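Below are two complexes that have chain A in common, paired first with chain B and then with chain C.
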Partner chain A sequence: MVQNLLFQGLVGLTGAMYLWLIAAGLTLIFGVLRVLNFAHGSLYMLGAYFALSASLWMHQGFWPALAVAAVGVGVLGVLLEVVFVRPIYRLAIAYQLLLTFAFVLIFNDAVKMVWGPLYQAPPMPAGLGGSVVVLGRPYPVYNLFILLAGVVVAAALWLVFDLTPWGRAVRAAASDREMAAALGVNVPRLFSQVFGVGAGLAGLGGALTVPMQTVSPGMGENVVVDAFVVVVIGGLGNLWGAFVGALLVGLLQAYGTLFVPVFDLALAFIVMAAVLIWRPAGLFGRSG
Partner chain B sequence: MTAPYGKAGAGLGAVSAVVVVLLLMPFWLTQFQLFLLVRVAILALFAMGFNLLFGYGGLLSFGHAAFYSAGAYTAGLILKAYPSLLVGVAGGVAMAALLGFGVGFFSVRHIDVYFSMLTLAFGMFVYSIVWKWDAVTGGDNGLIGVPRAPLAMIGFKHGLNMMPIERYYEFTVVLSVVVVWALYRLVRSPFGLMLQGIRENAERVEFAGVPMRRYRLAAFIISAAVAGLAGSLVGPLENTVGPDTAHWATSAEPLLAALLGGAASFGGPLVGAFLIVGIRELVERYTQYWLLAMGGVMLVLVLGFRGGVTGTVLALARRVAPGRRGGEAAR
Partner chain C sequence: MSAGATLSAGAGKEPLLAAHNLTKAFGELRAVSDVSLSFFPGELVCVIGPNGAGKTTLVNLLSGRLAPDAGRIVFAGGDITRLAPHDRVRLGLGRSFQITSIFPGLSVAENLAIPVLARMGRAAAPARRAWKVPGVAESVRKYLDEWQLADYGPLPAASLSHGSQRLLEIAVAMAGEPRLLILDEPTSGLSLAEKPEVLVHLRRLAARAHATMVLVEHDMDIVFSLASRIVVMHQGMVLADGAPEVIRDDGRVREVYLGAALEAAPSQRRERAPGPAQALLTVRGLEAGYGLGRVVQGVSLTVHRAEVVALLGRNGAGKTTTLKSIMGLVRPSAGEVELAGRRLTGLAPHRVAAAGIGYAPEERRIFAELTVRDNLAVADQLARRNHQRSRPRLWPIDQVYALFPDLARLAHLRGDQLSGGQQKMLAIGRALMGNPEVLLLDEASEGLAPPVVRMLGEAVARIRAQGVSILMAEQNAAFAGTAADRLYILEKGRVQFEASSAELGASAEILHRYLAVAGGEARASGATP
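Right, the complex of A and B next:
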């Protein structure tokens, strides 16, 4: 029984890392740019398709495919920010949601046009296939790799934002745009870069899920809602909040399937509603 | 808003003329076109209810599909068990209002992004229940075989037969006109004005001693009830009710209609609903990628025409004939 619970905890942690990889970019973009990016799930989906194409069409290995996805979606993110998002920073939040929702619709159909509406399953990367016995049960090696990847991404983000001059400038611009601009930070360029990094994270997250699940149009839609839940629980715009939120939701879903299977989907939403009622700004969010 | 009574009388005349023309439509249009018009009416109701909250209350709900779906499923279940159109629709409205009370009670404490997120969360909660509660909702398949039940009417022993699309169309038109008229009165009542006051400056209104949350909650419940009404009309039209009625993409439809038509004017969502159903029909004739077209339209709207169609037309009219009152410009 104890072993069962521990094993389910491992499953939950893996799910949490999948969530974290998507939520990180979403909360980063909101925290700095104050834009809630509905199209984040679409960027995630595009990352998966980019990786798929890199391995199926260009016959690249797993690692180059990851890079193609992350960089490709990142560049796309910069373009989107410069052309479309930049003009609407000052507008009401409804317009931002609407603009990014327009991209959800456009990318959904664009993906169908380019890659077709079918489900596609790519091969497993060499060395990460198969499973090992953990706690007396077989567990996919790839999921252990995802656990590691989530931690690596978290560490990398911490290094970048806490230790580099660029990270400091981003944090300065996030807390006070005008002041940062007055101190010589090129805020518009910084915003484009942050949007690109956030988009790249979404692309990476999508590419990383490719070996474990089929790739299909619409795969981003449910993901973005899960990511919203994670980000809102942690506090919109707070990276570490998103990490904790992902852990919470991941574990909750894993144990929920075990104990209350009918409600496992709804559990995360109940927790989110409870958090919002109790602490409107999220667990780690500043009030406001 | 300060129109003299003569003008109001002219308005009433215009509305009656529109109703008469609408009711004469079955003589000119094909059955399929009537079917589409019912769809327009459903989306228009959904969007106008939504816009009471969004355009007038300044609250962007991203979970209105929950109420739409609650109305659709409740009406569908009732109609399958007890074939009476009015009972089904009334049940759908009641369920949506009840749900609206529950969700609204928690949601209206928050504004801006948190309100949107909270309603989205409740909406997805309802979606997951609809999806998982197979025994009642039919899960993935939804409700199949919802009858277009007869309408109880004095003098008709078995009620009015609603099976011909013409009859159902007329029923929808009459119902929609009544509801739209009620909403029109509502937004021009002291209640409606107070709601707009809260949108413009919540602190000041609250400082004046107005129980702001209660106004917001009331608006939320009415909005949910109208969404439920729209939803309850779906089952009898399509004969099925699917789980996608509760999906968050459905929540975006009234928002799109409101913005396309113009959220700042009362009739905007109606215009938007008409355009959406029309554009969709046209685009789907030529390509399966209608979402792409819709997304493109949304992009253009957000970047260039934030007043929507009515806002743009009114702005043009103001330029042509300055001094006349028009709708308020896009925020």
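Right, the complex of A and C next:
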């Protein structure tokens, strides 16, 4: 029984890392640019397709495919920010929602045009396939790899934002963009970079899920809803909050399946509703 | 002495609000340390003390914005230590803020309607229907008239000048008809001309039997003319508590607070370096504004190398907008800004900063979630780039720490844990970190206790001694007079007068005409009468 519980915890942690990889970029973009990017799920989907094409069409290995996805979607993110998002910072938030929702529709159809509407199952990367016995039960090696990847991404983001001058400038601009500009920070360029990094994280997240699930148009929509739940629980715009929110939702879903299978899909939403009632700014958000 | 005075003030009465052994620390810093105070019905208590004494923290504890680490707060017989701010407001404990906090997007009348509705228990009434709730329109009109805001009723609150916004904020706090009202520096940001007006309102309010007020204030004229009791705070503790006459004669209070102001402030002005002055910053025919309003209507001015120039004027005269236009934060509709012959007009703020202009805004605008050190370090990249362009780096971080030793001591605290005065220092230090040739200081002396104002004067002199020019917007004519070499007086967005500070000091008529100050009264804003 104890082993069972522990094993389910491991499943939950893996699920949490999948969520975290997507939620990180979403909360980063909102925290700095104050743009709620509905198209984040589409960027995630594009990451998956980019990785798929890199391995199927260009016969690249797993690692180059990851790089292609992260960098490719990151560059796309920069273009989107410069061409479309930048002109509407001054407008009401409804315009941002409309714009990013338009991206969702456009990218979904674009993906169908380029890759076709069918589900595609890519190959498992060498060395990460198969399973090992953990706590007396077989567990996919790839899921352990995802656990590691999530922690690495979290550590990397923490290093970048807390310890580098670039990260300091980002935090300053997130707090007061006008004042940051008056201190010499090139805020428009910084915003493009942050949007690119956020998009790149989505792309990386999509590419990382490729070996474990089928790739299809619309795969972003399901995921982005979960990511929003995670981000809202943790506090919109708070990276650390998104990490904790992902852990919470991941574990809840895993144990929910075990104990209350009827409710397991609703659990995350119930928690989100509870958080919104008790702490409207999220667990780590700052009110006001 | 404090015990006796307190007893006589509240003889035979129950305190309305009582704090018992309140303590609040931010990291290592004990902002409020074991403070016990009682406030009795009908009293007007002024809380004074040097910057960083813990006044704002105390107010935040009383109003529920911060939770104490230890201690209890009792209001009207009930323990409110753990009550949320809005619940305290409902019980009748209201407050205003040191930083203007009204709803900028709502109209002046709507801002006033919010507390009126809240009092009726209709806080959630939709804005559009608010006016149909019986009595709301009448109440709001009453407050508009009372505060002489009737002309502004339908305008967005954001369109009011800083001074009028402060008035509105106090009016909003009053409209809640609290049993006890805490006002945190209600006159900060007001010109000497506007202060008496607020004073009249406060006096009338104090005269009402049911109003009890706690006032945090720096202006000693206001404190001594209003207070029925004065509480002096120093380093997080209550240093003295008693009637104004008692406080005035208290040796320790004179020493840490009033005494410093009573000494004649030495003139920090030095003779300008001989030789032909070199124009560094030139502004010609600058026009700027927001929406349809033309706040700045053709300002021309010059700042020479290593010169301190002050822009004097009342609220709404266009001082802040002039500085913001120079910085590129407001896009001027006409005119030119040049730095050492290079045109800056229309450049983005980060390019203006790179060209060599630093900016310390009136509202401080500290990055709340960054530490003091990180706040300073934001401008580090800028200084490095400027340094590469062979401008010697005058203000590395240790020089800034030497200028403001407080910042070194507080380096690891978060920006929002500093007191208002410390944030002013940080804003100036942060601007210096970018290694500017010209430093723009917006209302640097506003809200500072007299000893700190004097320290600021010394800092200005030291900054100038390094060859940095300063353009400061000031309402405090006395501070500008001692700190600046030359002054421009702004009124209605135009330069009305230009003089050396010596000439201006001698001309009581000019001071009176443009600043509504009699020459004889021009004094450090904290000097005792």
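Here is the rule we go by: the second predicted complex is superposed on the first by the 288 of 288 C-alpha atoms of A that agree within 3 Å, B and C clash if a C-alpha of one lies under 4 Å from a C-alpha of the other, contacts with A are read in each partner's own complex, and residues count from 1 in each chain.
Basically, a contact is a pair of C-beta atoms (placed from the backbone, for glycine too) under 8 Å apart; a residue touches a chain by one contact, two chains touch by 3 or more.
It should be emphasised that the depicted structure is a prediction, and the values quoted were computed from it without experimental measurement.
By the touch criterion stated above, A:A169 is placed in contact with chain C alone, chain B being left untouched.
Applying the stated contact rule after C-alpha superposition, one finds that A:E221 touches chain B and leaves chain C untouched.
Using the contact criterion defined above for the overlaid structures, shared-chain residue A:F84 touches chain B, although it does not reach chain C.
Within the superposed three-chain model, A:L36 lies in touch with chain B and out of touch with chain C [touch as defined at top].
Comparing chain C and chain B on the residues of chain A they touch gives the larger count to B. Shared-chain residue A:A94: touches chain B; no touch with chain C.
When the two structures are aligned on the shared chain, A:L183 is found in touch with chain C, with no touch to chain B. Applying the stated touch rule to the two superposed structures, the chain B and chain C interfaces on chain A have no residue in common.
Against chain B, in their complex, chain A makes its touches with residues 36, 84, 87-88, 91-95, 97-99, 101-106, 108-110, 112-113, 221, 225, 228-229, 232, 236, 262-263, 265-266, 269-270, 272-273, 276-277, 280-281.
By the touch rule above, chain A contacts chain C in their complex via residues 165, 168-169, 171-172, 175-176, 178-188, 286.
Across the complex, chain A is touched by residues 327-329, 348-350, 352-354, 359, 361, 365, 367-370, 374-375, 377-382, 385, 430-431, 433-434 of chain C. Taken together, the chain B residues at the contact with chain A in this complex read 54, 60, 62, 106, 109-110, 112-114, 116-118, 120-122, 124-125, 128-129, 131-133, 248-249, 252, 255-256, 259, 288-292, 294-296, 298-299, 301-303, 306, 331.
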